[in-house]
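Here the chain labels run A, B, C, D, E and F in written order, and each chain numbers its own residues starting at 1.
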Amino acid sequence: MYSVKRLEIVIDRSYLNRLLKELENCGIEGYTVLDQVRGKGERGLRESDALADIFTNAYILVACSEETAEKAVAAIRPLLKMSGGMCLLSDAQWVRH
Amino acid sequence: MYSVKRLEIVIDRSYLNRLLKELENCGIEGYTVLDQVRGKGERGLRESDALADIFTNAYILVACSEETAEKAVAAIRPLLKMSGGMCLLSDAQWVRH
Amino acid sequence: MYSVKRLEIVIDRSYLNRLLKELENCGIEGYTVLDQVRGKGERGLRESDALADIFTNAYILVACSEETAEKAVAAIRPLLKMSGGMCLLSDAQWVRH
Amino acid sequence: MQLDLFLSNLLNPPVLFFFLGMAAVLCRSDLEIPNAITKALSLYLLFAIGFKGGHALNQSGLSVEVIVTLLTAIVLSAIVPFYAYWLLRRRLGVADAAAIAATYGSISAVTFITASAYLDKVGVDYSGYLVAAMALMESPAIIIGVMLYRRYRDSTGDEGNTSDWGELFRDAFFNGSVFLILGSMVIGALTGDKGMTALKPFTVELFTGVLCLFLLDMGLVAARRLSDLLRGGWFLGGFSILLPLFNALLAVVLAALIGLSEGDALMLMVLAASASYIAVPAAMRLAIPDANPSLYVPMSLAITFPFNITFGIPLYHMLVKTLW
Amino acid sequence: MQLDLFLSNLLNPPVLFFFLGMAAVLCRSDLEIPNAITKALSLYLLFAIGFKGGHALNQSGLSVEVIVTLLTAIVLSAIVPFYAYWLLRRRLGVADAAAIAATYGSISAVTFITASAYLDKVGVDYSGYLVAAMALMESPAIIIGVMLYRRYRDSTGDEGNTSDWGELFRDAFFNGSVFLILGSMVIGALTGDKGMTALKPFTVELFTGVLCLFLLDMGLVAARRLSDLLRGGWFLGGFSILLPLFNALLAVVLAALIGLSEGDALMLMVLAASASYIAVPAAMRLAIPDANPSLYVPMSLAITFPFNITFGIPLYHMLVKTLW
Amino acid sequence: MQLDLFLSNLLNPPVLFFFLGMAAVLCRSDLEIPNAITKALSLYLLFAIGFKGGHALNQSGLSVEVIVTLLTAIVLSAIVPFYAYWLLRRRLGVADAAAIAATYGSISAVTFITASAYLDKVGVDYSGYLVAAMALMESPAIIIGVMLYRRYRDSTGDEGNTSDWGELFRDAFFNGSVFLILGSMVIGALTGDKGMTALKPFTVELFTGVLCLFLLDMGLVAARRLSDLLRGGWFLGGFSILLPLFNALLAVVLAALIGLSEGDALMLMVLAASASYIAVPAAMRLAIPDANPSLYVPMSLAITFPFNITFGIPLYHMLVKTLW
């Protein structure tokens, strides 16, 4: 087991692909994605209606080293600024298998 | 970046709307919802069957100040008591964008 | 409120039932499951296509005592080794209701 | 000849698909129907049955006969919860008794539909406007169940339950399935023959096929839920068969009194005997939170429903044939 | 007789189901259609309408008349965004104006489909190849909207927007709905009568039924989105009705110039008057991120769409009847 | 005339929709079909094909001819994995070789269905009861693949693999798709003409339309999975075409021996040549966890399947025509 940073991001799903590209550019090699979550924030309620399919959020969970996390956070900030969303950092232990 | 509390709640989806109303009453302005998760707990297995659509859980993630979190926890306790469910509190850093 | 360990596992969904059985054998009585998440890791992209329905991950969240968590981690390691996946441990407070 | 009716019913593809679903669970097959599909199938069935019922109403008009039948149906569904509650209280607490009483006062659209497929098969007519009776029987029992609960529960320990009567009436009368069936009925009645011509291939011709898939799914769900109940002992299992029989008897008496035809009488019996597993549980979970859904759901879904679609329907038919 | 057209349209089951959906939201019913089902219904409609259009093209061939009509349609959809933008800039910023302009230059397949159901009902013919016109009108407005945006926005504050023209063209011409409708059209054209025979029960006979369910869903969504817009005041509400009317007028003039038939002229008007709520919003969200989707989506979905399918279609028809 | 068969097959709407799906991925369109819909389409196809097959069995009865054909089919599917394994071991490890061998011993229902659409189109009859052959050919290869794996793997490093033979047999014989097709077949056989009358609009008339949508989806998936395989070099690509050809040859010899008709011989060849991408991968992932699914899935799904439905079927037909 070793310490990692847990990065949790909620973002407008329209921008998910750009976000994942940014993360990979920062050297992040693993992530888990939930394609459809809903929520509320500064931009109000965001609930998918599947017709105009642009009111949905995606949730991304990344476990990575502290260093990479810092790089990633810096890289995705402009995207989050443009699209709205949330980014949380917390601590965890990675269980080696 | 500043410290926030991460509040994670799993609740019978029938009560999701009441829960969100309670949270908003406590001053929580942002949350993320997964409408359909399944699980096991004191009340046994809970897996949706979409016919009698009352055996499903919802998952709610909230990032908020410690103070708000405490208020929220107090407010939703009776609901959780009635419906069953789980509530976890942990620490995280909110990334400002 | 009392301290618990948060165990987060991402695993090939084919092995979800075996994993849950292992967890229950370790004395874990509560868990929450997301049946369909996608992601990337050492084994490359994993995105469901619903035809050959074996490229999907499941996400499992468990809150349990530190002791149980350690037992569980030891028990599921061989499974994760075989199937791939991720396991994170972090700290949280369980809100009693 | 009596056996004939049973065989005729059992060799109905929808009924067989229900058992195929149950068999899949027993064989521990991994056959599964995604939740979104279950909902889509049920939306389709409600849409189609409502629309056909509306078209029938358009043809028959709102005659005295129609109105008397509808009123009888409503009264029937409002009486059932009272004696059901009284019986259940022998063994259960207030909350569970009230929730189960509501479940049995209300109806199951799919049981109704299966009965209509049966009548088609054996060549007996029934009035299309009975769909309206079905739609009107869904909600009253919910209100009465909750009234019983609020009247008799011990006043302690339910501070969490904040739902008021307004919400309750909305849940009872505007819940998705009631709303869709009533709405489709109104549209079917408004658009008449022209509407039916345009929608016939969709609402009429596909109907049995969709019903088969839906019953396959119900078989899967019922078999999974059954184990929940079996832990509960014989009282509830027996109740789930005997109460429907009694309800059917009450219905046949009322049907005779108001002079319904053979097919219509059977349909009224089926409605009375059927129990809800969609609308009522959703309402009960909110309005009677301390009732245990692992009782009222499997009772209606895993015992009463299969009993009705296999033995119930031909049994009720035998009775009507004897009396009429 | 004029009123007749309105009634004829209103008593169309699909239109009534749209209002049923809206009513469900007003009554706060919990009626819901799972997202996967919404997508499936829309896939079906695009598939079916494209295939039928392709079959029609196969029958008509690519005559001069067909080509002139298609070119007119494209030009029409390319002009609209210019004056729409110019009007909107009176009140809105560059981004919002450009996004809304694109929305109204493009079209709504379901409006087109509803109009064709209307024409079937009142017994007026139209050319099946207009489906090709519809498909070709989806994308140009997207390109022009983004051109306007990139030309006029103040150069600050959009570092985040990294999408280039290549991506944009792909989003405009290869987005899922455009691709499916065009692809099905090509297949329909290639397989001709043989293909149609095999697919008729699926693509033609079920069509109205599926359309009803889809419009039920659109009613649910439109009613929910409406409140977003009402906060925005009357300018946008008025615009969402007046611009379509103007577009329809422009279309009828062009239709007269190139000598379309009564039915074809109506269809061109409907296309011009309709606004996109699927393809364009998806493209705008990426290409004009600083435009507010809570404006352009409800304008097209919750005002223009219901207006067109209730009043617009018969109104345009009245006009054509007067002129032709 | 030979070219004719190919064209006839290529201008089949389902085949064209498969290529439309592939084209969507190549054009990087965002066309997508929700997972729940994929599953619903596949449930429908299994339900319909099973039911039709059951009805055919009901008509034909279980004659000696039928039984001989079914036994031949089972034997065929049990032999293939042996020589496939032996060939694959030249280049691959035990686990991968065994899993791929199982994949090619088993069958693909959609390939079978596409072949039946082709035969309808060219006007050649085949026996409906071959559906039973198809259903019976799904499972044996799974068992044999796993037997090969357990026999030849080096005994180290698989402590994780705890699945026993009981589980394996259940996965092989009761997996969802096998169960549904067999179950529907039984129901079709039991309910005979009456059942068919009730279900014809759903199971027969809609069939080609649903198949088109499903193949559109398969095209999307196949094109996405293709890149996984191309990294792996030419051996597996070549194998995915040559082995099916050889299997078809073996099948045609057996078909001649037992005296099948032209259409039946073609269908047996198609079954032998097709490879599984649903049931077998699911079983292999559990029973042979160290085999790489990024090999066996794209081989069957992205190479063998498209090869069979475009070139294979008319090629096999040509061969049968020459020999018969």
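By our rule, a residue touches a chain if its C-beta (ideal position, glycine included) is under 8 Å from a C-beta of that chain, and two chains touch if they have at least 3 such contacts.
Everything numeric here is computed off the predicted structure, so don't read it as measured data.
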item: Each chain counted as touching chain A and chain C at once; value: B
item: Those chains which touch chain F and also touch chain C; value: none
item: Chain at maximum distance from chain C, centres defined as averaged CA atoms; value: E
item: Copies chain A and chain B touch via same or different residues, half shared test; value: different
item: Taking each chain's C-alpha mean as its centre, the one farthest from chain F; value: B
item: Separation of mean Cα positions, chain C and chain B [Å, integer]; value: 20
item: Intercentroid distance (Cα basis), chain E paired with chain D, Å; value: 41
item: Inter-chain centre distance, chain B versus chain D - centres from mean C-alpha coordinates, in Å; value: 34
item: Centre distance in Å when chain A and chain D are each reduced to the mean of their C-alpha atoms; value: 46
item: For chain D, residues contacting two or more additional chains; value: 34-36, 39-40, 201, 206, 282
item: Residues of chain A whose C-beta touches two or more other chains; value: 34, 78, 81, 90-91
item: Chain pairs that touch, as defined at the top of this document; value: A-B, A-C, A-E, B-C, B-D, C-F, D-E, D-F, E-F
item: Residues of chain C touching chain A in the complex; value: 8, 10, 34, 37-42, 57, 59, 73, 77-78, 80-81, 85-91
item: Footprint of chain E on chain D - complex, ascending; value: 34-36, 39-40, 43-44, 47, 51, 170-171, 174-176, 179-180, 183-184, 186-187, 190-191, 194-195, 198-199, 201-203, 206, 282
item: Chain B-facing residues of chain D, complex; value: 35-36, 38-39, 42, 158-162, 217-218, 221, 224-225, 277-278, 281-282, 285-286, 289-290, 293-294, 297, 301
item: Contacting residues of chain B [partner chain A, same complex]; value: 1, 4, 6, 29-35, 61, 63, 90-95, 97
item: Complex contacts: residues of chain D adjacent to chain F; value: 11-13, 16-17, 20, 23-24, 27-37, 40, 117, 121, 201, 205-206, 208-210, 212-213, 216
